[in-house]
Every structure is written in C-alpha cells, then in structure tokens.
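Right, one structure below, let's go through it.
Chains here go by letter, A, B, C and D, matching the order in which they are written, and residues are numbered from 1 within each.
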Amino acid sequence: MLTVNKLRKSFGGLHAVDDVSFKIARGKITALIGPNGAGKTTLFNLISGTMKTDGGSIMLDADDITALSIEERSRRGLARSFQLSRPFRNLTVEDHLLLALERDDDLFWRNIFFKRETKTEKHKHLREVLDRVSLDAPLNKPAADLSYGQSKLLGIAMAMIHPHQLMLLDEPVAGVNPVVRETISHVLRKLREQGETVFVIEHDMEFIMPLADEVIVLDHGRMIAHGTPKEIQQDPDTLHAYLGAQL
Amino acid sequence: MIIDFIIFLLVLFAIYGIAGLALNLTLGWGGLINLGFMGFLSIGAYTSAILTTEYHLPVFVGIIAGMILAALISGFVGILIRTIRGDALAIILLGFNFTVYAIGLNWNSVTRGALGIPGIPRPEFFYDDRRFLFLVTILLLLTTLFLYRLTHSSFGRVLGAIRDEELHARVLGKRMFRVKMIVHIVSGALAGLAGALLAHFIRFIDPASFFIHQLVFVLSMIFVGGLASVPGTIIGAFILTLLPEMIRVFVNLPSDILGAIRGIIFSLLLLLVVMFRPKGILGTVELPSAYADRE
Amino acid sequence: MKNNAIWWIIGIVIVVGLGYLIFNQPNKTNDKKSESVATAPVAPKVVESSEVTIGWIGPLTGDAAAYGIPLQKATMLAAEEINAAGGVGGKKLVVAYEDGNCDGKGGAAAAQKLISINKVQIIIGGTCSGETLGFTPIANENKVVVFSPSASSPDLTTKGGDYAFRFYPSDALAGKVAASYAMDTFKAKKAAVITANTDYAQGLHRVFVESFKNAGGEVTVDESYNSGTTDFRTQALKIKNAKVDVVYIVVQLPTEGIALVKALKDQKIVAPLLTAEILIGREIAKNNKDVLEGVIGFEAFFDEKAEGAAKFTAAFKAKYNEDLAFPFMQTIAYSEGYLFKEMIEKYGNDGVKIQAALAKLTDWSGGGLKNMTLDENGDVVWKSFSIKKITNGDVPSIGVFDMK
Amino acid sequence: MDLILQLISNVLIPGLLFALIAAGFSLTYSVTRVLHLANGGVVIVAGYGFYTGYSLWHWPIWSASLLAIAIAILTGLFINAQIHERMREHGIVSAAGMLVATISVLLIIQNILLAIFGSAPKSFADLQGTVHEFGPVIFTDHEIRILVLIPILLIIFILLLKKTKTGKALRAVADHEQVAEVVGIASRKMRMLAFGISSFLAGIAGILFAIEYNLDPSMGIMITVRMIFRAILGGVGSIGGAILGSLSTETIVALTGYYWNVSWVDFSSFLLTFVVLLIRPNGILGKKKRIV
C-alpha cells in the first residue's frame, strides 16, 4: 500500500529523518512509536507533503507521490488528522465534514450556476459518521466551540469521511480523557474490521500495542525496529531507545 | 430639488457598494488584506476613460474592457504574491497601490498625468442621473446576487477554510492556489467595474481620486458593515456614503476647521468600530489573529 | 428556499419601481442634443426671499487646505463687507461653503448639494483644477455659472463648457511669460525645469518647455517630483552638474518649494531661479527670508497698490490679523464677491442671464481688480505680468512684462 | 569620483533619518507584532512640539527639543495603552483590524494638527546653519548634526538591546511572548517600553526632520509609507535590517533620481522592496524573530 524508500530530511545539521525505508500492508493498523524528537511527526509531514523531502521516495500503491503537492497527495487518497487539531474557527461541524467529503467543491462555475446540493441525504450520511465516532455535537455547531476531545474526534471523523486509501493519524489520543480514549480505540478496531489501512503515531503504549498489527520504532531519525507488537516488546534496541521504558 | 442630491448620493452608494463587495470578497471571505485595492479601481477607471475619450469607443465597451484589464492584472498580482505571507503581503499590496498611482501620474502620453482626464462621456441611454442610478442599481443587485451565491456555496466554504487554516485546507485536498486566483480575478473585475462606473458618473478622474484616503473609506465601509457579510457590506456602503454628505446638508458652519473636524470624526468612527465591534454590524467572521503565523 | 424567494421579490420590486419612476422622464442629455426634447424642469427660479444664496467650493481638508482656507477667508470678507453695505439689492448675501477636498468626486458632491438643496445659480470655486472639472458638467446641465479664482488648467475653459469662467490666468500664459523672460533678460540657452506632479504645476511646465524650445533654447534637465517628496539633494546635484543658465521651479505646496530652493542654494547654484506664484506669497517670503532670497516669480499683473487691492489687504489684516498668503488668488476670490453682487443686482440671481453677461464682460473693475476682460472661452486676456523678486523677505515688483 | 562622493552624501541624510524612524518601527513590530503605522504621526507630532516650544514660546533649542521628545513619547505610549493593549485584552488581534486601527490613528493625528496649527508650512530657516564644503560634498550645520547624532544614537540603541538586561528582556518577549512570561518578564511592561523607545527615536527624528525639510500636517502619511518600505526591505523586526533597508532604499532613490527621473523614485524604491521580498520573504536580515 505505502512504500517508503531511503527517506531523508535534515534541518541544518540535525538529521530529523535519516535513510528510513519501510512498507505498510493494506488492511492493517501500523503504529509508529519512538521517544520524543525521534522524527515521527517529521516523517508524517514528509508523507503528507507538508514538508519537502531531502532525498528518497514515497510510493502510494503504484504511483510515486514524492513530488506531488499536499493537495495532489490528498486527492490521491491520503487522509490525515493533526496532532494539535486545528478546526476552521469560523466554520461549523457540518462544514468540516463536507470539506473533507467533497472533491470538487472548489470549482467556480459549477457553484454559480448549478443548484446547491440537496441537504437531506447528505445530512443523514454526516450524522452516521459522527455517530461512528460517537460525537454528539449538532451539525450547525461552530467548530470553535468544540472541546479538545470533541475536536480530536472531529479530526478522525474527517479523516474517515475523506475518500481515502490510507489514513494517517497523528497521536489521536494525546491528552484526551479516558472515555474519549476508549471511543477512539473502539473506532480503530471497527476500521480494521472494515479493511481500512491506518498508520498511527502514538506514545500511549497501553493504547496502541493491543491494537497494532505491526509496529515501527524510530529513534534519532533512524528506523531501529519493525515487527509485530510482541517482537518489538522484547527488541533490545527499542528497550535501549526508551531506556527503561515502562513496557 | 433635494431629490436630485439624493439620487446623486444613491448612485455613489451603489458604485461603492460594488467596490465594497469586491474588497470584502478578498478581505472578509478570503482573509487577504488587500491594501492595493484602489489600484484596481484606478485601472478600471483609466482603461474605460481612455478608450471612451481617446478612441471614442462606446461606453459599455470601455467598462467591460476596464473590468477585464483589472481582472487580468489582479490575477497577475495574485501569481506574484504567491510566496509572500502575513503583514509583508499587506504592505506589498499597498506598494502595488503606489505603483499604479506613480504610473498614472507619470505616463503623461497616455493618462495625461496629473491633469487627469476630463469629459468622460456617460452612456447614451443612461445619460442623466436618474437613468444612471437605474443602471448602477441593476449592477449592484446582480453583484449582490452573484456574491451571495458564490459565498454561500461550497466554494465559499472552501474559501473560508483557506482563510482560517490554510495548511489544514490543503491537507483536505482543496486546490488553494486555484481558489485564491479565482478570488483575485473576480475581485479585480468587480473593482474595475466600480472604477469605470465612477469615471463615467463623475466624468473626470485624476490619479489623486484613487489614493490612500479612498482606500480608508472603502475599508471603513466593510469594517462598519461587517466582514464576510453581503447585507453588511450594503449597509456599510449606505451609511458611509450618505452619512458624511447628510452632515454636509444640515451642518454648514463656515468655520475653517470644519474640514479637519470632519476628518477626525470619520477616522474616529472607524477606530472605535475596529476596537469595540470588529465584526461590524452584520459581520460573521473573525479574521486570523496577528499572532497566528508567529508560533 | 423560502427566504430566497423573498429576496428575489424584493429585488424585482426595486427594479420595476425604479424603472417606472425613471423612464417616464425624458432623457436629460447634454445641451446640444436635448434642445428639441422638452428639457427636464430646470431648477425653478429662486423664489423671492429676503436672502440671495451663492455657492463656494474649495478644499477644506487634506494638504490642499493650504489654498482652500485662505481663499474661503477672502470670500467671507467680501460677503461681510457687501452685507454691511446693504447687501445685494437690499437682500442679504449668503455664501454656502462646501468642501470639495480638491478631487473630482468631492467637487461633484459639493456642487450637486449646492445646486439641488441651496438652489444656487452661481458657484465661486473650485480651487484645484481637478476639483472644478469634477463639477463643470453638472453646472452646465443645470445652467449654473462656475467662476474659479485659482484653477489654472487649460481644460477648465476649453473643455469646461459655456458656464465655466475664471479670472486666474490659464497656465498657457504664465508658462510663456517665464520662458520669454528667461530668453530676453538672461539670454538663457540651457534651462533646467523642476516641477511638482500636480495639475497646476504640470500645466505651467508643459507650456514653459514648449515655448522655451520654440525660442531656440534647450531644456537639459526636466524633472517632475511626486507631492510628498522632502529630499531634493539629488535633483540639486543633477541641476548643478548640468550647468544651466536658468532654473524654472514650479511647486504645488510651499513646503516642498522651500526645501527645493534650499537644496539648490546649498549646492551653490548661481543660475537665476524663476518660479510661478506660490513661492512669492508674502507670508512665505517673510518666513523664509534667506532661503528664498533672489527668487524671481511671475504673477498676472495686478496693481497691489491700487486703492481697491490695498483696501482689501488692510481689511484682511484687520479681520484675520494675518497677511495674504496668496495675494493674487485671494484678491480674485474677494473681487468675485463684488462681481456677482453687480451681476445679481443687474440680472437677478439667474444663471442663464449672468452667463450671457459674463461671456461679454469687458473692462470690469471691482473689489481689488481693474479692467478685466473675458474672452470667448471664459478666460481673462492677461496682457501683462508683474515680475517680483524676493529681496530680504519682501516681494517688491521689479517690472512688468507685456505679452507680445 | 566626486559624483560618487556626492551621491553617497545625498544618501546619508534621508537614509539616517529614516533609519532612526524605521528602527523604532521594527522594534515595536518585533516586540508587540503591531504594524505601528501611526509612527509617522508621532514624528510630526514631535516636529510640531518643537515648533511650539521653539517658535511660538521662544524657548531655547534644548528645552524645546525636550518638550518635543516628551510629547512624542507620551503620544506613543498613549496610542499603545489605549488602543493596542485594549484590543489585546478584548481578544481582538486580527492583523487586518490592527492595521486599520493604526491607519485611523495616523489620520486622526494629522487632522488634529491641521485643526490646531493650520495648513501653512512651518520652517526653521535660522536653525539650518551655513553651508560647509568638504571637497565636492556639501553639508549645512544641521546636516552635520544629523550625520553625527544619528549614528551615535543608533549604536547606543543597539548596544542597549544587546548588552543590557532590559535589552535581553525585550528580545525575549520578541522571540516568544509566552516563554518570556514564564521566565517572569512582564511582557506588557516590555511592550510599553518598546513603544516608549520607538517614540523617543521618532521624537528626535521628528525634530531633525522638521528643521531639515520644514513641516506641514499632511507629511505624516508619506513618512509612514517610506518608513514601512524601508523596514520591510531590511527585514521587519530587525533593527540592523531597518538601518540597512533605509540606506539601500535611499541609494536606489539617489540613483533613480540622478540617472532617470525623480518622478519614478517612489516606484523604484517600492520595486526594490518587492523584488527582495520575493527572494527572501523575511527581508534582507529578517528572521522570523531576530531583533538585531
């Protein structure tokens, strides 16, 4: 599904991502773990295009997306949520979901002359997605009024509703209360059942280890381990990297 | 008769209403602080004035040519400022305003420089003020309808997303540059239309008619009326065009500091609105914070 | 969908209503075409009342207020004196002052208000050419006389229509005078011209360059600076290196003029400095004695010592305790009050009759002016210009230059 | 060779004056993120303060200058306290809103000065002094004052920022306000201090400007516009940038003025800023946060 080959990115002298290569299989949940500053979010930025690579290539199924812009990669089926969820301050929950769902909403002529979309069946679909992440906020509620946990759920709902082949989730449970944490783990299980391919950055070991099919460990920008959760838990390099990790 | 003066003011209100909607499209809906806005009005006005006085083309050809040229230049500027962000962008667009002012002032062979262009003809069929009012009211209604549909459609939603969080909008696959270009071109065209109509209504233009003071006038219209609000812009245009002229009717103490006092009242009103009611009367939008791209 | 329908209905109602209201009126096109069509009712003749109202338009805000306010004071003084001496045919003369803020739109708004609300038949003003050109079309259509005390652009009378007049010389004359004076008195072969980028200054600049070249001279430096420029050291250097025989300076704002002359003097430029009216204003010369020493200025000849003009200068000093900032322009603004007093007494407050009388005005004297004649365009045929040289703060006239 | 020397001398006088004004502007921008367009108004307020002291009340130069500087500082602090701080408290911090607010303040200042002092120009011919020749280059007494005074002021100002404790505190707030708060720096006090210093510089520049170029109320806008372009060119937020930006813009102005035509001076200086910004979006020396 996603093949990353000899990816490099450095800021001045610091090698944030140093010669990383791995493959992500379709229909599996792959976790990306590593101590702070290991380059996890940088790797995500390189894949989603928000940062330019210094070397190496990224392939989504057959096409090489290394040179594509953020928009192009997203339209090729890459959905992403943000670590610090950043809702659109002046838009409502419904707007957010419609933005994620629609592909040709930025066309000019179509919007001037064609009738605007019929509300009813769209609403049903949006409501259904919100229920899947059990976010009970009304559709016309301004996103700025959502709580931190709710905006995290909204971020995931947008990633789900966005037509995609691969979902990149950046620390979905960072700083959320236990109830929301439970909901998100429930959502991830359902995603796997539906054969979705999910690539998750997460610090919370208790949360991610039972869920993940495969785990990639990053340390100082280099990939030091890649395997099933059980292998990773005994892997000497990972333990060394975390230095008495709480495993 | 007082009605003639009222009609005169209503024509100005309609023209500045169109200009206000054009500026609100870029500032209120698009989040782009377009301080070079008067430059596009000036391009529309001068194109139409030169074509109708020098080359004696019919007025409507002049107005449409003014719109097209203003739209093209606005698109070109959109491409140029693609990589500049934040406050530097606002200042550079202010610089664009100066560029158009300097060219208007010094390209004597074409724009007659500081002497301006007198004797700009009015359209045959809409010659006197009342018929001209009818023409501009129709154009204002069309612009309002057009902008209402544009901003209340999914295009408007995408534009709002780009205004609030540019990066997040791109991650959702919205083609930001295309959308921004469309906004530049549409806003440029409408500004060109307003400029051309003003030229044909007043029948005389010079570079000074499109300078900083007029920019502050249009800015205060949309800040008082309301950012990103079609009815708000119309109300803002109504208040700002009629109010100062009404003061002129009822208050005419011939003291020599009257002018300065009027200037103070005008800027004070704008300052108070921006400080205490940043959304204006009907505004719905909070523009991105000045600290947004600092963290 | 409901509220959308409502908006549509409102829109259609406005359109139909306006259409009906407007289109059953004949199309009041400009004079030439509409003679045959019954013109729209021209503003009704002034109803007999105890007052006669005339309009005044000029810049009261912005940097052009430096001209507007002094001219306003001159007209105020004239109105006061006329009313003290029994008014106009027994009626009190009221002058409605409007701020045209020196631009086309401002002038048009001010004139529209004066014509439709104060129902004036005469407007003294615009101060700036741009401002005046903004409302000459409206004045012509409403048959209202426009009389500018200071607008100098040739377009005003050539393109301003039959109802535009002025006592102030068109740029065409003042530019020629400066050029021929430079040739005759200083035998100048090479000249430098530095002008403000405004309608007034560019008008003079264009005519000076034309006549200087036709007379065989060569303009080696031709610079026009944007208003708001403060530093002229580079231009002064350029002019010094060009080693010209004479420098013609035309400024719009006195502030820039003083800074320019200072920069030229700092560069020890010895060529004579010629200029137009602005820099030889009495207040300005007095306050900048040493900077402006020796600057020669040209002003349409009007005898300041003549009893009318001297009386005005004294009365102005008494009322506002300040000297005349622009003696010539202010004297015209003052004298126009008396001109219209006579006109209204003879022909009543009627634009059409007064326009006809003004078109044939010959050898009129009044206020501070003597034997003024208007040509067919509404311009004054200025035959002679007074040459004034600033010598230690005073502006004595050193001669009169008669146009051939 | 003379020509080059003369052109350099032409660059120095306006260049240094605007360097002082733009440096103050850059300081306020980097510390408070406010585009202080009203700084041009503070400059002419100082000029008129000096005029009142020196010409109207006939005080000696020094006391008139102190009066002018005091008025300038009070105006600057008043603007910040009553407008920018208040807007921050209300949580209204949109860049567009602040920009419109500063433009309105500038226009209000100009109109107040027009109402009080009238529109006639004020000049200080007797203070300009006699002309001195240094080889091909010519300077009046006053211009020598500018050449000597402003570089010293700028050096002191930069040393103050670099070496003193308050200087470091200012730079900390400029770098990251929240972090500075955590370390115990009262960012509000620092913002007021930034406006105070900037108004002090604007005050001195106002006096020197008024004597050199005379004074009328409508000069405020043109000073502000020139100030912004010079500050942005050098890199907004960096004092060194403001000085460099001002001198390089004046060089372009002198070259365009001499070899082309003075009417295109504003246009060419704007074009320079535009081109530099396209290549380096933060200006020549500008980093996101650097002060010096």
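Annotations
In the analysis below, a contact is a pair of C-beta atoms (placed from the backbone, for glycine too) under 8 Å apart; a residue touches a chain by one contact, two chains touch by 3 or more.
Fair warning: this is a prediction, and the values are worked out from it, not measured in the lab.
Centrality by Cα centroid goes to chain B.
Remark: among chain pairs C-D and B-D, B-D carries the greater number of C-beta contacts.
Chain D has its Cα centroid 37 Å from the Cα centroid of chain C. If you average the CA atoms of chain A and of chain D, the two centres end up 48 Å from each other. Centre to centre, using the average C-alpha position, chain A and chain C are separated by 71 Å. The distance from the centre of chain B to the centre of chain D, with each centre set as the mean of the Cα atoms, comes to 30 Å.
Touching of two or more other chains is recorded for no residue of chain A.
The multi-chain contact residues of chain B, meaning those touching 2 or more other chains, are 102, 105-106, 259-260, 263, 286, 288.
Residue positions 61-62, 65, 69, 197, 224, 226 of chain C each touch two or more of the other chains.
In terms of inter-chain touching, the protein chains here follow a pattern that is not a line, ring, star or complete graph. Interchain contacts (touch definition given at top) occur between A-B, B-C, B-D, C-D.
Note for the complex: chain D touches chain C at residues 3, 6-7, 9-10, 13-14, 111, 114, 118-121, 123, 125, 128, 131, 138, 140, 209, 212-219, 221-222, 253-254, 257-258, 261-263, 265-266. The touching residues of chain B, counted against chain C in their complex, run 1-5, 8-9, 12, 102, 105-106, 108, 113-116, 118-119, 124-125, 127-128, 130-131, 133-134, 137-138, 141, 145, 148, 198, 202-206, 208-209, 213, 245, 248-249, 252, 254, 256, 258-260, 262-263. Those residues of chain B lying in contact with chain A across their complex are 146, 149-150, 152-158, 160-161, 163-165, 167-176, 178-179, 182, 228, 284-286, 288.
On the side of chain C, the complex with chain B involves touching residues 7, 11, 14-15, 18-19, 21-23, 25, 27-30, 40, 43, 59-62, 65, 68-69, 72-73, 76, 95-99, 101-105, 108-110, 112-113, 115-117, 129-130, 133-134, 136-137, 141, 153, 155, 159-160, 197-199, 201-203, 224, 226. In the complex of the two chains, the chain B residues touching chain D come out as 27, 33, 35, 80, 83-88, 90-92, 94-95, 98-99, 102-103, 105-106, 212, 216, 219-220, 223, 257, 259-261, 263-264, 266-268, 270-271, 274-276, 278, 286-291, 294.
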